[in-house]
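What follows are several structures.
There are two complexes below, and they share chain A, which is joined by chain B in the first and by chain C in the second.
And then the complex of A and B:
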């Protein structure tokens, strides 16, 4: 692991509404490891999670069933090595560190759903996308992976996309948050 | 003008404690909060609001709501504002539109003098000859007379329009009593509800009703407000219903945007728009002072405006009777009430700026300034039509009714029948329950089949039959037209006489008549006109109304601005991890697909020479990169590339080209073998997504037994090309763990090592410039550190960045083609210079049969290197290669630049095969029409065709 500081695609600090009903933060530096393999491989059995759902392991790693036969493991920054090593590699299994390749942001709060409804056409109702739901969709015309990862009982979504779209995605979602009281920092406008 | 505001009314919407100032045609006016633009002006005594489209006749208030065809005005730079429903705001600058020089003295009235020439089909009969005048004269004249307001191109006071998505279980179009009742019962049944009302407040006709109505309304509003499951949208219109209940809603008056388009996917749609009053056709029926009964009721009860002083009322229903009562209470003298049910009639109205005399069917003439008609209703079935219904005419009730609807669309309220308020509410409640039951059944099915959702609670809900008790159909006389002709379409100035003429000319089907005369095609979208048009046609054809049919109502339900349709503009852009550095260091950007890239930092010729003489760095991150893992990767490569891949050794890189099933070159790049079962493939920048999809398509459908995993890593690896004779010297200072010597790291090899302390960097010895060069693929989070380290460490070696333009020069000097620029839809691999690469004896390759055939073809264009004989002339790309002095096209220049290294112009070109031999002289026709000669070269490469510079 390099000792050089990780630089994400977004420079902005976290944004939030004065009433705290919505916050938007860049979490691109988080560890992201992609695992591909059949469900019956040792890795598939170990990860347990089915497509469309997620679970948090005891070590804090969020295991997301991204697609059939594909999992994305999310953890705090700097854990690529130990996360990858935690996956049994017997059989035909690919483990790829995609930390550098995916931008990720977190939008949280009571108004998060309202803001996302301006940029994403997925039904975010509680029964359709409950806490722990994993799904893909277009967010402001960018293909994204989304995870509902509530915190302290409050709505929270992790949204990740190909890194090069990261700056744009952050700006587009921040723009959607303006209706809910977030001030748009200079230079982030998409209009 | 004399003020017409009357004392307070029980249901009035205005707040008399406020004063709102605005201007009308430059003159100052005031109104109250809650006034519409029209009501404030009417209260001030204004009677003329617009001029008609074709004849520029004076027009006044007619329906006093969203549908009023006479109340389109300009507000600031916003055209076509509905003054009948738009609420007054402080400082509004309102003006009449489609008039010149003024509303009062409009020169367009001259059209009335030639009215007999502007009849049905006018557009199709005139401006035909002489044809040459179309562009120079006719088009200009027609544009001058085009109706509607003006948009101001150079101002953007509107800001951005908005968009959002919604997924209600039940969406209700119409916030009248039935719609509100439906919303409440649907919400009580557990459904999420979106209630959409076109007017700025809920209530429908209860708003201008009697005290009993107002009490019911207050209760309904309170209940709706208290229901957490109901989202209310007022001043919003359900614009369209599409397949699977995809529903478009146009929300106006949003605090952040002038309009917002809501894209809703609803389980059930409840259509509850109420009824729209139908105008009566008689001579002079568009004279200011002729109003619908609903208009005078709204003016009187909602905005406390006395609509006239002396009224004649023609009524065929209780609505007319109620209007009489309202007028009397407002102090209007009722001159006469004419009961159409007993055969009373109005044949003509006299008056220019206002009604003066009313001529009755019995020969009498009455003096009045207000004529009120209540002669029937139109069922606005647009949304039902969009759901596939063809409403059926009932001559007893004299209107259309829904016929056959899909399960997920229901209708309620006046559109389905008549009844007391209690009956309407009951029908609405039953409809809401039914809509909720059906929607929740759909939701149960979706939850069952969606991986991410929670499992639905309980068993699948049973199918719910529609056992609602239908509303009654109250008999109503078929009152459409008097014995005289009058306007049918107020928006388009189409009279019953015009329609009769159209029918006599053979346009006697309702759809043909619509298109021939433009009846129902104006801003009202047929809401006031359709039934009367059908009745006139029935009269002309002497058939029953039911046999005439109706036009098909399509979206939008009412006109919608282009801004609302566009919504928020999302244009994703991609940035490499180095883009901030480029911009901070003077890069001039270019947009390459979605990527923002540095085109140049200064002089691209100098940048190119620096690469030839020293060492240059270019950010080539957009290069597509795919991580391939698995034992069957060689099989996949053999399949998708035209050349061989089974024997590629670990640490080696190979160039490959892909073709489609038609044998045409589709992409190219290099693939390196990093480990036994681990490869990195590069593609063109624009082809990265398509190649990934193509590989997954093969692996998931046709070769699902192959063990290959493909992971796109384009943005994760920042790609830096270090090129130039001093590139090795530079890298030796920063690379760890890799022997960079020519013997240990030969051309077309790949290694993994550290660069500037960053681990896991992939280093390829390849290049696009023709120089000794290395391509570094660096984890993007550390890319800026590597880039800055390279520049700093190599400063004494002349290390400097170069942009895309310099790269284009360098690659053209070297003769490398760009797929899509130097190739096209006819470029089969053999003629693109890839004949030596294609292996026809492979077992399988995409496009193999076509490739075999291509080798036998002698007629395909060939890509060649080309040099103008005059070295100072650079033909523009796409210049044609022609036969001598003729214009017979024999090819085209695909790439061209001035070469700073060679000091001359150089090109790649596609030429007819008979011109492809080295030394052939061709003629190039330049953009200015002049011609130059150029000579076909032996190689694509203009510089170092043997590749000695890159193999050092």
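And then the complex of A and C:
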């Protein structure tokens, strides 16, 4: 796989509340590699993550069990090639770089769950979606894949959707953050 | 709200899934008459009571499964993967 210059669907800088209680950032340029195959294939055994859970590999790649028999690997930008090559491809396995096809944003901070709960139909309580949980649901009426990936003990969620919805999703989630002190930049409003 | 029990995701709001309709046995392609094909494609019982139907978990695990649902009360039983 060759690395192609990434052109993000969101043209806003990261947004934060003045007290730092919530941060919303576009992370669409992160490497995203989709793996499909049965759990008993070499890839399934190698990835070791069941549906609904995630784990971070030693090389920093976040392996997410996004569906039964489907994994999404997330890493820093520009790593599509080495991430894809790290997966054993023997048997009936499909490995596809979806970096350019998906938008992704990260919402973090102690108020992140409050803002996300306004627009997401999934229960974000600790017992339902603990750190490392991978789940899908509606965020601002867009079907999204979500990963709870806490940082430094604070709530943090990665939200990804089809690229064409990226700008709208960013705007809609930013709008949900306004109540928590985030200033909406001009041109981003959905109203 | 109708809660539908997905075998992978657990109970989800029915808006997260798609009801793909009553389960109807497919006729034998070699022997079925036009009338049987028409019945299979277009006609449903639509009872006010228990019906076996297929659902698709479109927002979650993207799995098809069948349940029995009471169309009068939306009570659900008999979850089965397809």
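What we mean here is this: the second predicted complex is superposed on the first by the 186 of 191 C-alpha atoms of A that agree within 3 Å, B and C clash if a C-alpha of one lies under 4 Å from a C-alpha of the other, contacts with A are read in each partner's own complex, and residues count from 1 in each chain.
Convention: contacts are C-beta pairs under 8 Å (C-beta built on N, C-alpha and C of every residue); 3 or more make two chains touch, one makes a residue touch a chain.
Bear in mind the structure is a predicted one, so any value in this text is a computation, not a measurement.
Enquirer: So, does A:29 touch the first partner chain B, the second partner chain C, both, or neither?
Expert: In the superposed model, A:29 contacts chain B only, not chain C.
Enquirer: Quick one: is A:121 in contact with chain B, with chain C, with both, or with neither? Answer first, second, both or neither.
Expert: both
Enquirer: Spot which of chain B and chain C makes contact with more residues of chain A, would you?
Expert: B
Enquirer: Which partner does A:109 reach: the first (chain B), the second (chain C), both, or neither?
Expert: Neither chain B nor chain C is touched by A:109.
Enquirer: Counting only touches as set out at the top, which of chain B and chain C does A:172 meet: first, second, both, neither?
Expert: The first partner, chain B, only.
Enquirer: Which partner chains sit in contact with A:8 here, chain B, chain C, both or neither? Use first/second/both/neither.
Expert: first
Enquirer: Check whether A:96 is in contact with chain B, with chain C, with both or with neither, and answer first, second, both or neither.
Expert: In the superposition, A:96 touches chain B alone.
Enquirer: Is A:44 contacted by the first partner chain B, the second partner chain C, both or neither?
Expert: In the superposed model, A:44 contacts neither chain B nor chain C.
Enquirer: Determine where on chain A the residues touched by chain B overlap those touched by chain C, and list them.
Expert: After superposing on chain A, chain A residues 51-52, 121, 135 contact both chain B and chain C.
Enquirer: Can you name the residues of chain A that touch chain B in the complex?
Expert: Its residues touching chain B are 1-9, 11, 29, 34, 36, 50-53, 65, 92, 94, 96, 98-102, 117-121, 123, 125-130, 133-135, 140-142, 162-169, 172, 175, 178-179, 190-191.
Enquirer: Can you check the complex and tell me which residues of chain C touch chain A?
Expert: Per the touch definition, chain C meets chain A at residues 8-9, 13, 15-16, 58-63.
Enquirer: In the complex of these two chains, what residues of chain A are touching chain C?
Expert: Counting only chain A, the residues touching chain C are 51-52, 67-68, 121, 135-138, 143.
Enquirer: Could you pull out which chain B residues touch chain A in their complex?
Expert: Those residues of chain B that touch chain A are 160, 162-167, 192, 256, 263, 265, 443, 446-447, 450-454, 456, 568-577, 580, 595, 621, 627, 629-631, 707, 709, 711-717, 757-760, 779-785.
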